[in-house]
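Have a look at this one.
Each chain gets a letter, A, B, C and D, in the order it is written, and its residues are counted from 1.
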Amino acid sequence: MSTLPYSRQEMMAIATGRELRDGELAIFGVGLSMLAGYFAQAHHAPNIRAMTEGGVYGATPVGGLPWGIECNRISANATSFTNAIDALGFLVASGRCDVGIIGAAQVDKFGNVNTTGIWDGEIGETYRLPKTRLTGAGGANDIACGAGRVVIMVTHEPKRFADKVSYISSPGYLDGGNARDQFGFVGGGPSAIVTTLGILRPDPVSKEFILDAYYAFSSVDEIRAATGWDLKVSPTVHVVPEPSLEELAALRRVDETGALRI
Amino acid sequence: MSTLPYSRQEMMAIATGRELRDGELAIFGVGLSMLAGYFAQAHHAPNIRAMTEGGVYGATPVGGLPWGIECNRISANATSFTNAIDALGFLVASGRCDVGIIGAAQVDKFGNVNTTGIWDGEIGETYRLPKTRLTGAGGANDIACGAGRVVIMVTHEPKRFADKVSYISSPGYLDGGNARDQFGFVGGGPSAIVTTLGILRPDPVSKEFILDAYYAFSSVDEIRAATGWDLKVSPTVHVVPEPSLEELAALRRVDETGALRI
Amino acid sequence: MPGNKLITLAEAVGRYTRDGVQYASGAALPVGSDAVVFGRELLRQKRKNLHAIFHCNTQQLNLLAGAGAVDKAECGFSGLEVFGFANGLRRAVESGQTALEDYSNLAMALRLLGGAMNWPFVPATVNIGSDIQHRSAFAPDEYPATRKIPTVTDPFSGQEIGAFSPLKPDVAAIHVSLADPLGNAIMLGTEWSRFELSRAARKVILIADAIVDTDCMRQYPNLVRIPDIVVEAVVYHPFAAWPQSSPGLYDVDEAHMKFMNKSLSTVEGTANYVLDYVESYNDIDSYLDLIGRDNIERLSNSATSFLLDPYRKWIKTPAEIAALTAEVTA
Amino acid sequence: MPGNKLITLAEAVGRYTRDGVQYASGAALPVGSDAVVFGRELLRQKRKNLHAIFHCNTQQLNLLAGAGAVDKAECGFSGLEVFGFANGLRRAVESGQTALEDYSNLAMALRLLGGAMNWPFVPATVNIGSDIQHRSAFAPDEYPATRKIPTVTDPFSGQEIGAFSPLKPDVAAIHVSLADPLGNAIMLGTEWSRFELSRAARKVILIADAIVDTDCMRQYPNLVRIPDIVVEAVVYHPFAAWPQSSPGLYDVDEAHMKFMNKSLSTVEGTANYVLDYVESYNDIDSYLDLIGRDNIERLSNSATSFLLDPYRKWIKTPAEIAALTAEVTA
């Protein structure tokens, strides 16, 4: 790693940012996903319509990674502040938002996300206490249900890539196939899982996530070993282009305090 | 009339204003009902929490009768402007508002109000065109469903007091008795019909409106003759106290342009 | 959609409307903020068979319906408040020209909320039990009408309440006090349901009495209830609500309110009104001439003028706006 | 309820809360506006067995739960954003001390909207299909939980969606940037769901960083999203959100955010924190001393300070506020 001119987190943020297209209405979660989103705006999507679930519009973070979606670092130059009903309801749950970026503590092969808790084994019929309580769904469930497509950002470790998450906080493709249809979700579901090692995308029919690409510094074998299910590999698996100098410069302008350089 | 130091409309407005108590959350409709409400605030209910369905709070009209609930005459000194969802939903339909004042083109013996149209005879099974189209329900339906109690202001004429209104725009007691219960309305229904001739109040059980009081210038016989159904008279029927000098002065301060003096 | 979105009124009507469109305005009240001038331009461009969604009737719907351009309308209130019945709309309804579907004012706001939220229905605890629920001008032969405000069972209590159908108009022309060229808007006075409408409509056009620099929005972001991300186009048009009022900018023109409504009470009067007050001007200057420069000065001398004070320093001149508009058209 | 409503923080907690109360705050986010100081006072007055309604967790809930004062909590997000897991709340949940019922952030806002509207239920197109719908910490033995987010049938399409239960907390302490003595309030920065909460709660107490004259509200009525008519009491308390931020007034105190959260990760650390940062001050001055006067100066030097500029001239001095508060108490 030390030989690379960029960190794995930076590669993940840039690969995530590349998923966003100019002009889209896009919602960014807290932390890394916000840097990834604002990187896209700073680099290749100047007309992206960026928002946070706090209802903060027209802003560009100042002073480094905002501490939260409502942090003063993002409130210092907004053109509009509204509220949760507006941002998560009118603009996201409605289906109006093109793309959202969310994080995950645990994700499974159908792109279901757990951010609620870790249990030892299945929870069972009784809702017993979690071994480790996490942060809950936040706005990610709303984004997962409503956004046109969702990009999931997650550190690639076996414990985070489970065959089945212990708790679905935010729905991916549920049991796979057309399982989302019975709930009538207006959003299309996760289009990519971008990790510190590569990019997974869903099979168009089964909706199982398969390995689509790896980074210059990773490999198919490394990724399969770091995945908690028997990860299938796309016949077109390929290497993700390394960050360009322009991309890195844009990212680091947004990530002023170097949160991604760790 | 010319011998009285006040007009019938002024008497009606003062009698309506007397229905309001200090500290109540009160909503006023457009026109005369607004003058009646702000008269109460100016005279005996200084701490009334007055609002209009536009979501205009903390205001006192300037320059005379406002042309509408959002008129600049009422927007010139407000402390808060919000919106319809707030005023009619959160504060009125919710049951939070203590009292509302509404007008009527036609009212029936159960306090049902028609402001939608006049047909010749019953409408029948097909929704045929009205002979005369009126203004529709506006916010009065919402007030009639949600406000703790409702005061109806109406000019006392036989054509306006029908045995049964041709169209229920805003529900009173519907078919009488407990008929409102099946719809679960949180509001209690109309507590009084204040007219240019007297005051009608509902029988506690049947909910039929009966004559409760007449004015110094009217009589039981005159009122019965001006009512389109066989109006019952309360055993405690009595004369309404005439406006005091203080009441008249307060009313005329609010009614700066003399809308009620006609 | 960041970027300068200033276009002319004529261009906005030309680009975003067509015959038969489901057109929303009047998420405003009959005496206050409404883009009445947009309705005039719809008539100038001969739009017809409109399906009008007006939270409340305004002089705009009164004019459009009176002139025969409206087939269907949905309203919460169809009068003109203290100015009385809306004679143009009334005539169109009584003649059968316009089918007017009645709701209450809260119902219309909730239907816009439901459209913005993309709900399949909105809970209704009002309008039920009255003839608003049981009578439908859009389905006159159904009595009781069962598809207008059907019942739904609350899964917690088992009780029945009503259900409103959400609204998602094709296009909305929303009057605002101030807009920047990007489409951020400030409304002074009650919002009525303009906030919800701006999210429910498929396309939103702002009609602004004044254009301000975006710095104004950065100073007052909590006032920007309509952000640029939901806006397609911005039209600058002073006195856009005339003869209605715009808090902070101008009062209601009482004389013209009465004259206009009286004109609309007959076919002939309406034709004359259209000739004199719709087809008679060519640009903003001649529109203002029509209102009358003295009249404009009088109406601008409003008891609400102080409400505009904090924003005056950011207001752009007509020349600056013309240059910005040319930039977009070029 | 017009009239001066200024009372002290201690009086507000004493008068409006009791053990077991359904208490709402945190219609705010974990890093921004929340009346954290109200939570400190709840602990000073030994309130316990609270049922906490927090749209999102904040340092207030983290502290209250960590100190063992919360039996039940309902949240959309229970972390501290970039500051990580909320250790006090997490410990309380993992030990079984606090039953935490999970919803999403939109769900919590909609449940407050539904409470404000007095609807029996709110349509749910989110949270359905996930374990948020099927698992209930308040009814752990029911699986799938059928009373938490039951289904409801859309009468228009026949499709099933979900239904949220509305929220009507007994009392809400709402942090605002500016309030006048009557209870009119201006929020700078995202409202999150404070607007809806102020109408859903049975009693509303404002906790304001600064008190302004009512003239400020009359100049900016569109900013007054919480009007006096829904407010019971107004508490003046500078740095009420500390260590969280208040846009326009002060930034997040990063060091204390981390220190506080670390303290709350153990029983012992929590006890020390309560000793040092809850029970250690007697009045506003000693509270500000605790934060540190240099620290206050640093935190007040915010990139958002310009947002407060338009209102500064109406801000009342501590002496003026003390006189007004004495007036109410007398």
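Following the convention adopted for this analysis, contacts are C-beta pairs under 8 Å (C-beta built on N, C-alpha and C of every residue); 3 or more make two chains touch, one makes a residue touch a chain.
Computed from a predicted model, the values in this text were never measured in an experiment.
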{"item": "B-C against A-C, pair bridged by the larger set of C-beta contacts", "value": "B-C"}
{"item": "Length of the line joining the C-alpha centres of chain B and chain C, rounded to whole Å", "value": "28"}
{"item": "Approximate Å spacing (C-alpha centroids) for the pair chain B, chain D", "value": "40"}
{"item": "Averaged-CA centre spacing for the pair chain B and chain A, given as whole angstrom", "value": "56"}
{"item": "Shared-contact residues (touching 2 or more other chains) in chain B", "value": "75, 81-82, 89, 93, 146, 186"}
{"item": "Set of chain C residues in contact with two or more other chains", "value": "117-118, 125, 159, 161, 188-189, 191, 195-196, 221-222, 307"}
{"item": "Arrangement of touching chains [line / ring / star / complete / other]", "value": "other"}
{"item": "Which pairs of chains touch, using the document's own definition", "value": "A-C, A-D, B-C, B-D, C-D"}
{"item": "Complex interface listing, chain C residues touching chain A", "value": "1-3, 116-118, 180, 182, 184, 195-196, 199, 214, 217-218, 221-222, 224-230"}
{"item": "Touching residues (chain side chain C, partner chain B) in the complex", "value": "28-33, 55-57, 75-79, 81-83, 85-86, 89-90, 93-96, 100, 102-110, 113, 125-132, 135-137, 140-141, 143, 145, 159, 161, 188-196, 245, 247, 251-252, 254, 257, 302-304, 307"}
{"item": "Chain D partner contacts - residues on chain B that touch it in the complex", "value": "23, 25, 46-47, 49, 51, 57-58, 75, 77-82, 86, 89-91, 93-96, 146, 186"}
{"item": "Partner chain D, residues of chain C touching it in the complex", "value": "117-123, 125, 147, 150-157, 159, 161, 163, 165, 186-189, 191, 219-223, 306-307, 309-310"}
{"item": "Touching residues on chain A, where the partner in the complex is chain D", "value": "30-31, 53-56, 62-63, 65-73, 75-76, 81-85, 88-89, 92-93, 112, 116, 123-142, 145-146, 167-171, 174, 180, 182-186"}
